[in-house]
Every structure is written in structure tokens, then in C-alpha cells.
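Shown below is the structure under consideration.
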Amino acid sequence: MDHKEALALMEAVRDGRVTPEAAAEKLGETAFEDLGYARVDHSRASRQGAAEVIFGEGKDPEQIRGIVASMMGRKASNILITRLSAEKAEALRGSFPFDSHAEARLAVAAPQEIPLTGSIVVVSAGTSDIAVCEEAALTAEALGSRVTRVYDAGVAGLHRLLAALPQLEEARCIIAVAGMEGALPSVVGGLVSCPVIAVPTSVGYGANLGGLAALLAMLNSCASGVSVVNIDNGFGAGFLAHRINQMEGI
Amino acid sequence: MDHKEALALMEAVRDGRVTPEAAAEKLGETAFEDLGYARVDHSRASRQGAAEVIFGEGKDPEQIRGIVASMMGRKASNILITRLSAEKAEALRGSFPFDSHAEARLAVAAPQEIPLTGSIVVVSAGTSDIAVCEEAALTAEALGSRVTRVYDAGVAGLHRLLAALPQLEEARCIIAVAGMEGALPSVVGGLVSCPVIAVPTSVGYGANLGGLAALLAMLNSCASGVSVVNIDNGFGAGFLAHRINQMEGI
Amino acid sequence: MDHKEALALMEAVRDGRVTPEAAAEKLGETAFEDLGYARVDHSRASRQGAAEVIFGEGKDPEQIRGIVASMMGRKASNILITRLSAEKAEALRGSFPFDSHAEARLAVAAPQEIPLTGSIVVVSAGTSDIAVCEEAALTAEALGSRVTRVYDAGVAGLHRLLAALPQLEEARCIIAVAGMEGALPSVVGGLVSCPVIAVPTSVGYGANLGGLAALLAMLNSCASGVSVVNIDNGFGAGFLAHRINQMEGI
Amino acid sequence: MDHKEALALMEAVRDGRVTPEAAAEKLGETAFEDLGYARVDHSRASRQGAAEVIFGEGKDPEQIRGIVASMMGRKASNILITRLSAEKAEALRGSFPFDSHAEARLAVAAPQEIPLTGSIVVVSAGTSDIAVCEEAALTAEALGSRVTRVYDAGVAGLHRLLAALPQLEEARCIIAVAGMEGALPSVVGGLVSCPVIAVPTSVGYGANLGGLAALLAMLNSCASGVSVVNIDNGFGAGFLAHRINQMEGI
Amino acid sequence: MDHKEALALMEAVRDGRVTPEAAAEKLGETAFEDLGYARVDHSRASRQGAAEVIFGEGKDPEQIRGIVASMMGRKASNILITRLSAEKAEALRGSFPFDSHAEARLAVAAPQEIPLTGSIVVVSAGTSDIAVCEEAALTAEALGSRVTRVYDAGVAGLHRLLAALPQLEEARCIIAVAGMEGALPSVVGGLVSCPVIAVPTSVGYGANLGGLAALLAMLNSCASGVSVVNIDNGFGAGFLAHRINQMEGI
Amino acid sequence: MDHKEALALMEAVRDGRVTPEAAAEKLGETAFEDLGYARVDHSRASRQGAAEVIFGEGKDPEQIRGIVASMMGRKASNILITRLSAEKAEALRGSFPFDSHAEARLAVAAPQEIPLTGSIVVVSAGTSDIAVCEEAALTAEALGSRVTRVYDAGVAGLHRLLAALPQLEEARCIIAVAGMEGALPSVVGGLVSCPVIAVPTSVGYGANLGGLAALLAMLNSCASGVSVVNIDNGFGAGFLAHRINQMEGI
Amino acid sequence: MDHKEALALMEAVRDGRVTPEAAAEKLGETAFEDLGYARVDHSRASRQGAAEVIFGEGKDPEQIRGIVASMMGRKASNILITRLSAEKAEALRGSFPFDSHAEARLAVAAPQEIPLTGSIVVVSAGTSDIAVCEEAALTAEALGSRVTRVYDAGVAGLHRLLAALPQLEEARCIIAVAGMEGALPSVVGGLVSCPVIAVPTSVGYGANLGGLAALLAMLNSCASGVSVVNIDNGFGAGFLAHRINQMEGI
Amino acid sequence: MDHKEALALMEAVRDGRVTPEAAAEKLGETAFEDLGYARVDHSRASRQGAAEVIFGEGKDPEQIRGIVASMMGRKASNILITRLSAEKAEALRGSFPFDSHAEARLAVAAPQEIPLTGSIVVVSAGTSDIAVCEEAALTAEALGSRVTRVYDAGVAGLHRLLAALPQLEEARCIIAVAGMEGALPSVVGGLVSCPVIAVPTSVGYGANLGGLAALLAMLNSCASGVSVVNIDNGFGAGFLAHRINQMEGI
């Protein structure tokens, strides 16, 4: 329930159309459904511009099924389920319509075609980073953004990155994905004038510390205009990039 | 052996009813049984208000069976066995009476109905935190506290939490369970006037560092009245909450 | 504004005594005063049972003076100011009445005598931990709890701790303060049946990592009924101990 | 030199207006001035939409003076100098025109009035975070964005934050600044539909680990649409927020 | 494309043999082949003296096959594939000619005999470090360096190392490989006058922290002339040692 | 070769009984056998009072077999093989005579009865620490020390430890083994006057960080006379305890 | 009060010479003096073979003076005060007799000549480690052990260490002190047959992490017979070395 | 004493020109001078190609003076003293001839002109890294290498680095110095075919963790041919670069 709806509710109270008790209850309860194991957030779309996203890890198929049913009952579509293992995807097969993307461990329930607009570029340092890239790209596409992929353009062979400069320069938002030393976002950040979202990946070994090395590097980027999300968090980057891509003019 | 018993023992020594040698020995030995692999602490209930709790990890079924037998020999009931894998629970089946809770990896040996009193609320940030929540809730219930569960009320959808405000306000102690950024206890702590026990969970990935991120957040809570237990330590929270819930008035 | 007040407000709206616009504004604004640099939380006492506490670090004397003035304007007393350096305390001298405790870096503004009830014990491992102990003890006393101090009773000389067993056994809540290896709370926790709040201190050097060693030890305590607060957080322990100490019976 | 200029250069080579040797040299050198201790990046504004920013730490006044002179020689204005200590600011006094902001450790050299457009909100958890907030706000203003400040609205007193909901909802980009447990960005992120930039601060002590606790919390935010910059990096947040704020429509 | 080629290209443009558009495109694109999932870097050999090396981890056999095919299409030989699991090696069997080394998880595609020159010594602290040693030795041999192996010569039995002193003294570059406390490179570094490359391994347990202990020790070596590569990075050490070994005189 | 033997060698050189070349070679080579994958240290017993110990992890059965054969060829007995998995022990069955201890992952090759003297006590905090304890106890026994075991005597039930005080007081060296908070060595260290070797174990979860919490606690012990070995390093503690136990008088 | 005294006390109770109440009190209280800020442990010498040691850090001169007075009142001599800053030493001048050692930050109160016996060697890697070495050596000497110093014998110049081999071989216990990579104890441990106590120091910079690098290296020593104390803990090493040095024969 | 000298010594023993006792002593002692606080390593130049380097931190001026005197007594020249504070340099003024470089905290005692040969490039990411760069450059020059400096060529403005490509391509060894995200060595490593030594600096703040972020990034470099030294270790890089630069041909 947003501010305007709250005001409307109070006017209803004033006019006697709603009792105070009902209003107090409604303030807290209308916006979600309590399934016991989950409080499905039905006001998220109006509040945040996109339906609740289901974090698949740590939920069993029965719980996921219940949450999706609750959301589909409210007419939600293109419901994202992230970090969904192949086993769970298989277990859910037939319960409700969904498209699944194995490499990205992502599913889109109640899928619906929507026009893709704007321009996001997802650029990766290496081939091994593609799973995270695809999570980002598919998320942004499910939300309605057009995405260009530039994979394996790491800084050890700069010309591979510079060849994509025309695409980078036309982007409204860039997602730069890298493991190991995580240098890509700094170099990209120095070349363009749009917001850059850096995504560290756990690709590497030893002193990469499961992606912490790349994460720290990105947080310390000497380039301006770069911000960072969690290690391997393709979803988060895709969601935010979509938000930026869809900005209206002032 | 508590202070009063020690005094009584010395009076017995003075009166010649007990020899000094026997007394010295008794001081150390009466209060536990030495099984070789375990020194079962039989004075814990009198000393701490609850029987010894068996940490199931790293013990084989034979050892657990021996410890339970020793305790049941002393008439202990509602004996908690924590971090008990499904395999070990299966192996113990039939050895002694117990209720087991797979999700919480908890068993209650020599189960006995006791009245539940007071009011503890267990509130979780997400559905994936429920296993830890149940360990906490079942522990408190086994010890005799009444527990209310409010699951999936994380801060990204505040209205889901605020809807539970009446329940939170009536609690004598709240257990706030969260993984990822661990923000829930701070928000809860700012809303209520009872003690809040924060339980970080290992739910999340990447920079959650296996729960350290949530743990650190909770230790730095800007809300007053919040203390913290180990990552995923539902048992510890449930035990302490019961202790607080059962406080008598001054 | 608590739940009851919210209900009352809505009844006023229904009855036409308050306009919806005024109500919506009141919902957000009545409970604090915006000084620009601080939003002084005037509803905290009713919500949490104690007035807002001022974190002195990172605030200049002018800001502290403004916040205290705002709170005193609402008749608050025994206002705690924590982590107040000697320099700032000196700078504030004369601005408003306050008692200051240099070692504990604590001040109590608008001090007022209140009866001390219940029983909290603050026990420390060493002499060097006393500053943190005093922050805890003085906080609890300012809030209205009676406090007993047992200092320098670390585990390397157990008899020093065991000599205090009668006091420990009579406590309604114990605050156990230790640096270095942080073993004290585990030993205390094994001896008593009341809640134990563990406070790690930064006392030590080298591998104590500024108190992290003690913190980790306490979080892993094998004794039940122990929870932990931040390193050197005497205030937090004192506040929570007071809350537990003041519990009414079920 | 951007892509178009490179093409133009090659056409000049083709037409014989420029020799290949001169072109090869120009490709590398025209875009910066080499002062020995610094290679001042004169193409940054055209490449990135804003002039080079001077990181004041670790540079002596003489070096800063030289860099500013080089930039002013190219007609740059509103040149940002970050992390400039009071001593260095004093030493620079008179060398060139600049506005300095002591709390934010920021100076704006060759200051020039520009219209402020759009809407950025900087919201802080506490009063002690204000220095970082001001660095962010002043950076965005120097670049041309309109900024609203909401300070001391941390989650331990939610109503203080909710009172600012109208302002938050109207923002095109929000900068959420917090130390300690760093929960603010998650709560803000759950309330709004614009991009949220989280800035962890080093405010706190002990297990805050110099701001790492807040940083980790923010990276693990359960709210969507949140990204993170380095600890205490107000500048980075302000720069990125301006970039997002100034987005044109698709 | 190196500097000379760039100059040649521009002369071609000037002379009208190449259009500016074609030149601009060529600058970016001729040097790699875009397979979608990989941008195979065909200029690396000319730029760096060795063909691109394929990091096998995180790539599926199909991708590896594609990259090798692209490189073999350009006549590359002795193509290194590192961190290649036995399963993937098996899956690739028959796709193209290669030698594989199971222990070192290394394969050399399109193998070709080349003369081995110079002198590199690979010395290990223990038997358990041999896998990493072999990755280093085989890499250097594939590139054309002669390698001597001295295994299990750790510092707890110095005479085993001193017995190899003649070999160490004749080396042009030494690779010192050790897990646990990582002391070997310091001792070796104190005995010789050639560059020493230290390779920490993950051999050990507990406080070895997966090789971090050895890594840190090596970075802090009190011996001069020692530098360090990533944990278990035998490839990196072998590549660099080859580069040093092949140095020409001034 | 010890100092005396070196002197003798030089006298032989002087007297013409040995050529200088042979002497130089002998200095380095006589004391070990080079198997290619291992340089078996045959002088260790004379140098260090005990034969080389074989670290079983990371060696394949063939390598272990070769090393044992080399040592048995030099008449070594009671050869310790540590961290030997059940699989490898099985694979070695029949290759040479050995006793194996599954729980302690330890084998004693070429076993030989020797008299046990002196007095070492191994005391553990919990039942789950027994595997590490047994590695320590069996090591010391294989070397010739008499060992007393006191298991599950953690600080949460002090009386269990105090009951063993007579045994502790008679020990010449104590090995104190604990996971979780690692408090046991501090308490033991405060009770006795012999050297105490602290062994942290990885028993626990969450903030135990795989044993680091216990390790740090032990390093910061406030008791004097305590030193520490690596996490789970039962062997190291048993070896050192034996060395101390066997000390002769001054 | 040791076990024998406890038995005697109980016999006195049985014989009516002591009341039970007095005995219970005596059990706890006779062995220390409570100064409020310190519980001076008067039974430590009988329990542990050496008087209590005063940790000077975090105690003010007044507190140190009080503790020393209490101990001197019980006839203690050679009382060690560690980590005593020059300022505090100066402030204590005249309060009681003491020898102070500025570099080692150590004082010996109530100094008394005692014969030095046995043989401890303190060996350091570098000149910068001498302060820690002296703390160790002076501690052992104050307790009655003879100490030989071998300074600046680090592994980067092995011959410097090997020259001291005769001294090392005659030691009953060796203290090996090193910062940076901390390799010295491993090399020493491989050369001798007596216990080796490793002391990491904070000497170094960068990735030495304040001594953690050396600490970790020492904990992972591949040499047997080595144990470790806290960073810069010369006192702990000296105390333990003395204990080992003074061992009687079996 | 190198291998040849040892052989010569033994021939002298055989021929009766030297007694065995004298030889044994000479083996250990001729190669260093024992000053008590330092064992000055006089054989280092013959062993390692450069005289001992004095680590100035943690040594007092008197000690430094003594070591230099000992070395000058053996005719050493261009003796490096690293990490020498301005205060110590001042205190040493007049004791012996030396050149000092304040910014690099480096002094060269007994300075002597030597011809500079070969080609090392020191390239830095920023102006704030110059102190470390100069330590590297001056070290290499003192040892006899020619050095080119390219400062402030970080990856956020790639053209500044690419403009130095001709210099980079002509280097025999490159030292790449960077703080913050430490991306420079990866980019440089991808452009050249000579060895690259990466030096992380502590420049930055917050999540740079005192240089650890840059260190980790460099260790994980995706470019081949890169190795790493300790944070801020300009000396180590300069020493090693000189060694590589001076390599003779095979």
C-alpha cells in the first residue's frame, strides 16, 4: 500500500465507509498473504515496480509451488525464481507454466512476452563467467530491457574489449562481470559515461577467496560511476540495470 | 553439587557421618558419570535449571545411546539432542523413546508433556531460515515455554513485519532469525521493549561468508536490548529465551 | 506512537476531529524532532522502556548539546551519553546538568535519583577490563537496576571466581566481561541458571585481533544460556541486563 | 579521444592532412598532459561526462596545485578534490579559487554556478554518518544535481524514516548511508522503486571492523535494486547518483 | 596488433590502400575471433611470446573444443589447457591431438617437439606438492625450457636441500613450491643469485587456511629476489620462469 | 650428520682416508635416500630423536609404500603415518606390517613393543574431540610415553574437570584438546605447574570458523605455561609432549 | 589452596577445629586478596610454581602499586610486570624496588638474586626482533634459568644459524623468535631434538598483517616438536621455556 | 662461502695446511661478523650478487651505524638501507657517507657511481603510489640498472597507459605499482612479453584493507607472466627487477 492508498483509506475512514478497526488491520494485512512458511508480498509490484522475486535456495519445491500459486492468484506474470537447482526445476515441472534456464539457474514462471526497450550491455571477462552473466541478462529481459552480450573480453587482451567500444558507448547501463582479479569494471568504467554495475564472480582459485578478491577490487575501483553487487549476484545486477535503463528523463 | 549441598556435606564431615576422604572424592565425582567417552553431567539440572543437552555432531549413535541411557537412569526427561542427522536419528530408532524433528535436526528423548507458559515469539526474515527457527522454537517448547511463529517477515517488505506488531508487543522475549544482511533484529529491536535474541543464519551466498555478514551486522545493531548467538544456533537462542521467559518478578 | 495510539488517531479521523491529511502527517512526524543533523526519537521511551541513548562518538559537542536540549524539553531524565571523550565532556561542562564517568567514557545528563532494584552481577576476567565493566554497571544503575561488581576473577585462578559463587547464584542476570581468550562467560555459564550476557573486550594484543578472539570464543560458548554483544559494548550489556532484571513474573 | 574523433583523424591521414607518424603519436598523447608525477586526463570529460577528480590523499599540495593548474588551463571548472585534509586545504589557499567543505574533506576548484536539476535524496542512519553524506551530496551538487538531505533516520526508530517516505518516493536516485549494522539500505530498498546506492561508513567500533560489517550487510541486502560502493566513499555515491539522476528517457 | 603494425596500417590508409572505416574496424577486430562464448585472442603470441592459454575450469568440453579449433585454425601449437579435470580430458579424447598429464591437470593440444634450452629448477618442500610442481615443470617444458626437478627437500631436513645446491646454483630461474609454513622459498632465496618464483600450495590443514598461510609467508620473505604467484598456480610459475629463462643478454 | 660426525669426516680427509670430493658429496647425500618423489630423511632419528613421520595426506599408497620400505631398510620401527584415510590404509594392507587406528587416522608401521614411561595426560573438552585426542595419545605411546586419557571434561561442567585434578597434578605434560570456544587449556593451565600443550579442534560450527575461534582463544590464554599447535594437530601435540615427558633432569 | 591443603582443611572440620561455615569461606577466599580492582592470586606460586605475573597494559600505576604491595606483603619476590610502558615505569619509580628493562617493557619487582641453571637458547631471525627476545630471556632468567642469546640468525643467511649449531644442540629448550615469514622455527626444529617454542613477532609490514603471517607459518611448521605462543609474547615463551628447562628426570 | 671455497678448504685440510678444528669453525664463522645485535652477512654478495640490505625499521641508529661500519670494513659500497625514517636518517647524518631519499625512505651508504645498463620500466597507477615506485627505481639504480619512470597511468584512463606502450615494449622487466583495485599489472601483463613484477600499495581506504585488495587482485591476475611482492615493497621489486634485467643470454 503506497502513500496515496493510505490517504484514500483514511478518507474512507473519515467518511464512515470503513471502520477504524478494519483500516488498522488493512494497513498491515492486505498487502501480503500468509502461507505460514511465507508471507507473500503482494504490494511489491506497486511499491517497487516489479513483483516479488523468489530466492530458490533453501526452499523446497512445495514451498515454491505455494508461493507461485499465491502470486499467480494475484495475476502476477514473469515471476523470477533465482538459484533454482536443476533438481527442483524438474520437481516443479507441470505445476505451473515456466521457462527455465539451466546454466543461469533461473526460471520465469507465468511467462509472458513483453517488449524489450532501452539498452543494457552485459560484458564478461571470461567464458567461465557466463552463468552469472546469463542470470543478469535473462533477469533484465524478463523485466523488459533489451540486452547485448559481450563475453570473454577480459583485460589481458584489451583489444577484445576495445572492439566492443561502440556497443559500450551506446549502452544506457553496463553490467561488467569478472572473477579472478576483477579488473574489468575499472577499465570499462574509464571508457564510458553511463552507470556501470560490477559483478564479482567466484571464478578462480586460491587467493581469489571464493570471489572476495574480485569483490574487493571492484569496491576499490579507481573509475568513477561504478557500484558493486554481491559475488555471483547476476540477478541483482540485472534487476538494478533494468531499473536504470527504464529511467525517464527529468 | 550446589553451595548448599557443599555446606551440608561439610556438616556431615564435622559430625563424623562422612570421612574427609569420602567427602573430597564426592566433591568431584558424584555429579557426573564417566562413560570413558563422556562424563555425563548429572548435576546440570540442579545447577542450571535444565538437563544436559547432547550435541549430536561428532558423536556416533553408540555414544549418544550411552549418554541418553545414563541420563534416563537418573530420571531425566525431555532430553534434547541437537544437530542430529537423519541417518543417526534412524540408527537410534528403537533404542529409546524420542520425538524427532528432521528439518530442525533435533530430537527430544524421553519426551514428556509439560505445560507451556509465558510468551516467546520466533520471527524470521525468510522462508529459508525456518530450519533454524524451528530448532529454536522446539527447544523452548521442550523446556516449557509457549512459542508463536512469525515466518518470512524480512525488512524488504516492512508491512509484513508491522502486521505482526501486536504479537511482538506481547512477547516476553523475541528470537529474531535472519541470514543475508541480518537487518531484522535491529528493526525488531527498535519496535519492542522486551529482550531480543538475534540469530544469524548461513542463508545467502558469496559475501555472506557463511553467515558472518549477518552475525557482524547483528553484533553492531544500533537498537538497544539485542544480543547475539552463534550462526545457525537455534538451540542456544531457544534455551536462553526460555530462561528469560520463565523469569519470576523481583 | 504505539498501536493503541494509532487506533485512537483513526477514531479521531472517523469522528471528524482530525483531518486525514493531518493524521497521515502525524503518523510520521509527532514522534521525533528534526534538528537537521538529528531526528531525536521522542517515542522511544514509550516504545522501548527507556529514552534514546546518545552515541557520543562522531558527534561534536554542539550536536550533543542540541540533542540533550531537545530531550530535556520533553522532560527526559537520566539521559545516557556513551563513548564520550574527556575533551567533549569538558566542552559540554555547564551546558546542562550531567554526571560524567571518565573511565567508562559515559555521562548521564539530567541525572535523577531512582530506586535500584533486582540484582545484576558484573564479573570481569581482569583489572584491565574494568572500563568496559563500569560502562555496563553505570548504565544499568542509571536505568534503575542494582549492580554488584566482581572484578579480576579470570579463569587462570578459578578460586577467585568460585569465591564469588554465592553472589553469582543470587543474580537475576550476569554480565561476564573478558578480553584475551574470553573464557570467563563459558565457565560462569556452566555455574548458574540465570541469563549470562558475554562482553568481549579488546584487552590483549597480537592474535587477540582487537577483541575478535574473545568475541569468537564467546559466540562458540559450550555453556547454554549465554548470548553476546559487540566488543567493548558495556552499554549494550548493561541496557539488556536491566531489561532482563526488570522482568515481571508470568 | 572518442571513436568519432579517431575516425576523423584517420580521414585526415587518408587525405594527407596528417602524417601517419603524427597520428600514431596523437592517438596516445593528445588526451593528457604529463607533469611527471601525474598524467592529467584531459579527455575524461568528453569520455565520461565529468572532468577528472583529484584524490587528495597521498598527494602533496604542490602536486595538487599542478594538476589543478593543468585542468584550469583546459577551461575545466567545478573540479573536485576529495579526501583533502584541512592542512592541505590551508596550504592551497590562494593558489587558485576554490570552495572547501571541511567536514566532507572536499574542495571544488574553479567553482562555477550551475543549475541543479532532478532529485537525489541522501538519507543517513545516524548523525555520525553526516561527513560521508555531505561528501556525497556536495559531489552531486557540484555536478549539477538537486539533493535533499534526510539525516539520522536509522532503523532503530522506523517512524523517523517513514516520515520521509514522500521525499524518498519522489527521488530519482537514493543514497543510503549507514555504519554499524548497515541495515538502512535494505529497508529503504524495500520501500521505493528507484535505484538505491548503499554507502557503508566506518562509524561504530569493535566488530564493525572499520566498516566491513556494514559493507557486508549491504552487499547481502535482501532488497532488490541496491548496489554498493566502498566504505566511506561518499564521493563515489554522489558521482554515480548524479549519473543516474541525469539519465534521459529512452 | 603491435605498434609497428599500427603504423603500417596508417600508412596504408594514407596511401589510399585501406579506407578509414576498414582501418578503424581492423584496429579492434582482426586480432581475435568471436565465438560468442569466447573471444579467442589470436594476437597474443605476437604480443606476449606465447599463444593464449585455456583455463579449463568453468568451461565445458564443447567450449574448449571450439577454442582449440579456432587456435589450430591459426596454426597454433603446444596449446596449454590448465585445470582440466580427468572427466573433461576424457570427453575431449579424439576431438584433437593432445598430450594430457592427469596429476598436473594439464593438457597440451597440438603437441609439437621443440628443443629445450636454458635451465629451470623446480624444487618442492614435500611429496604432496608434486601435482603443482608438475604443472609448473610441464608448462615450462611445453614452452621450450629445460627443467630439473628436486622434490621433497623441505626445510625440516635441510641437508636434503643442501645436497641439491649444485643444481640450484646453476639454474637461471628457480621455482620453489611449498605448502604448510611455506618456508622453502626464503631458504632457497638466501642461497642463490637467480630469480626465485615462490608457489604456495594448499597442502596442509587447519591454520594453513587453504594455502593462505604459505602465501603470506612467501610474500613476507626476508630473502631478496623472491616473488610470488597464486596458491597452487603451477602454470603461472612455469610460464614466468620460462620467460626469465629465455632472456637474452643486454 | 651431526657436528661430531662432520669433525670426524674432516679428520678422515686430513689423514687422506677420504678425498675432499667424496667428503663434499657425503656432507650432503649420505643422510637421505632420493626416491624421486621423496627424499627420505634417514638422519632424522639421530638428529631429532625420532624417525621421520609420514604425512599421509596427498601421497598415494605407492608413494607411502616406497617411503616405508626405504625406512624399514634402515631398520626404523614404529614409523608413524598420519592423516591416513581408511581407503589408503586398506590399500596398504599386506604391503608391510602396521597397526592402524581408524578414528585417529593414524598407522604405526613396523610396530614394535617399547616400554612406556613418564606421564602425559590427554584431556578433552568434549566427546567430539576424541579423534584428535587419540591421534595425540597414540603418537606419544608409539614413541614410548605413558598416557592417561580424561575425555569430556569441558568447562561448562567444571566439576568433571576438577574430579581429574589428581591426575592432572601428577602429569609431566598435559595435552588439552578443545573445539568451540577453546577455554579448556586456560582453565587447566591455571591449575597445574607442568607444561600444557593446547590443541584446538574444528569441532563446532558457524563462528568457530573451522577451529580458528578455538585456536585464537588458546593463543590468547591468560594462563602461563601454555603453548599451541595447529588445529586438529593431535600428532604434533603428542610428539612434543613425548619430548617434554622424556626430559632428563638438569 | 592445593588438594592436600583441602584434605587437611576437611580433617580440621571433622575434628571440630574449624566450623563448616569457616571452611566453606576459606575454600574460596584465603587464596587471594580482593583489592576491588584486582583479586591478587596468592596461591599461584604453590599451584603453578611461580608467583602471579602482572600484565601492565590497561592498568594504571596506582593499581600496579597496589597489586605489588599485596604480593610483597606475602613475601613474593622477582615479581614480573610485563608490557610496562616507560611512562608507567617512571611513575612507579620509588614506590617499591624493581629492575626495569625498557626495550623489553619488563620490570622485576622485589628483585632477588637466584642461581641460574639449565640451558635455554633464545634465537632470533633479525635485529628488529630483539625486544621480544629480551622479554623472553629476562623472564626466564628472573625465574631461574640460564639463557644464551643468538640474535640475527635468520634463514636468508643460513650459515649464520648453522654457526650456532653447537649452542642449539646443547639447549634443553629453544625459543625461536621471528617476524616476516616466520620460517626460523621450522629450520631450527629440523636441526635439534629439544622442544622448540616459536614466537611470532609483528616485525614486518603489509601482508605480515601485524604478525599473523609469521604466526600462521609457525602453526603450520613441517618440523616436529614445535609449539607456538601469541604474537610478540616473549613473556609466555620465557615462562614456558623455564618450566621445560627445570623438568626433573622421570 | 660458496661450494668452490668449501672444496678448497677441504683440500687445505687434506694437505695439512688447515686443522680440522679450524676448518669446522671457519665453515660457520668466516662469512659473517657477530655484533651481538646483528650477524652481518659478509658472504651475501658472493652468494647472491649483492651486499646485505639493511631493513631500517625496528633498528635504532646505533645498530644501523654498527652494521654499516662492519660492511664498509669489508669494502662494501652502495649499501641499501630501507624503511629509514627521516628522524633516523637525520640521526645518522655524519656517521658515514650516504645519499638519502626522503619520499622513498631509502638511503644508499658508501655511495659509488656505477654504470646503468639494461632497461627497467616502473609504471604506477597513480600519483599517490610514487613513494613506493621511487623505492623500487632507486634500488634498481643503486644496483646498476637503468630505469624509466611512467607515473599516473592507471586503467581508468587507458590512453595514458597506451601512450607509454613503446617504452613498455622495450623494457626487459616492468614493475607495475598500484593501490586501490590493483588492476594495472593485469593490463600491462596483457600488453608485453617481458616479466612483470606487480607491487600492491596501501593507497586507498576502506575495503582496500591496507593494500590487501590490490594484493589479492594481483595474485589473481588473468595475465600470464606476472608475479607479486609484498604490499608497498618497492625495494623487493627493484631488487628482483635488477636481477632479471641483468640476466645473461643462454
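Chains: A, B, C, D, E, F, G and H, in written order; residue numbering restarts at 1 for each.
Throughout what follows, a contact is a pair of C-beta atoms (placed from the backbone, for glycine too) under 8 Å apart; a residue touches a chain by one contact, two chains touch by 3 or more.
Computed from a predicted structure; not experimentally measured.
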Would you mind checking the shortest number of contact hops between chain D and chain H?
1
Set of chains adjacent to chain C and to chain E
A, D, F, G
Greatest centre-to-centre gap (Cα means) from chain A is with chain G
So which chain is the furthest away from chain C, centre to centre on CA atoms?
E
Out of E-F, E-G or E-H, find the interface that copies D-H, where copy means more than half of the contact pairs are identical.
E-F
Let me have the rounded angstrom distance from the C-alpha centre of chain B over to the C-alpha centre of chain F, please.
38
How many angstrom between the C-alpha centroids of chain H and chain F?
40
Please work out the Cα centroid separation of chain A and chain F, and write it as a whole number of Å.
53
Residue numbers in chain B touching 2 or more other chains?
3, 126, 156-157, 165, 190-191, 206-208, 212, 215, 219-220, 224, 230-231
Which of the chains are touching one another, listed as pairs?
A-B, A-C, A-D, A-E, A-H, B-C, B-D, B-F, B-G, C-D, C-F, C-G, D-E, D-H, E-F, E-G, E-H, F-G, F-H, G-H
Give every residue of chain G touching chain B within the complex, in rising order.
3, 6-7, 10-11, 13-14, 16, 19-21, 23-24
Given the complex, residues on chain H that touch chain E span 2-3, 47-50, 53, 117-118, 165-166, 169, 172, 190-195, 197, 215, 219-220, 224-231, 236-237, 239-240, 243-250
Can you tell me which positions in chain F touch chain C when the two form their complex?
125-126, 154-158, 179-183, 186-187, 189-191, 204, 206-209, 212-214, 216-224
What residues on chain E touch chain F, complex-wise?
126-130, 151-153, 156-157, 159-160, 162-165, 203, 205-208
Report the residues of chain E in contact with chain A in the complex, numbered from low to high.
1, 27-29, 31-32, 36-39, 41, 43-44, 52, 55, 57-59, 63, 67, 83, 200, 202, 210-212, 215, 230-233
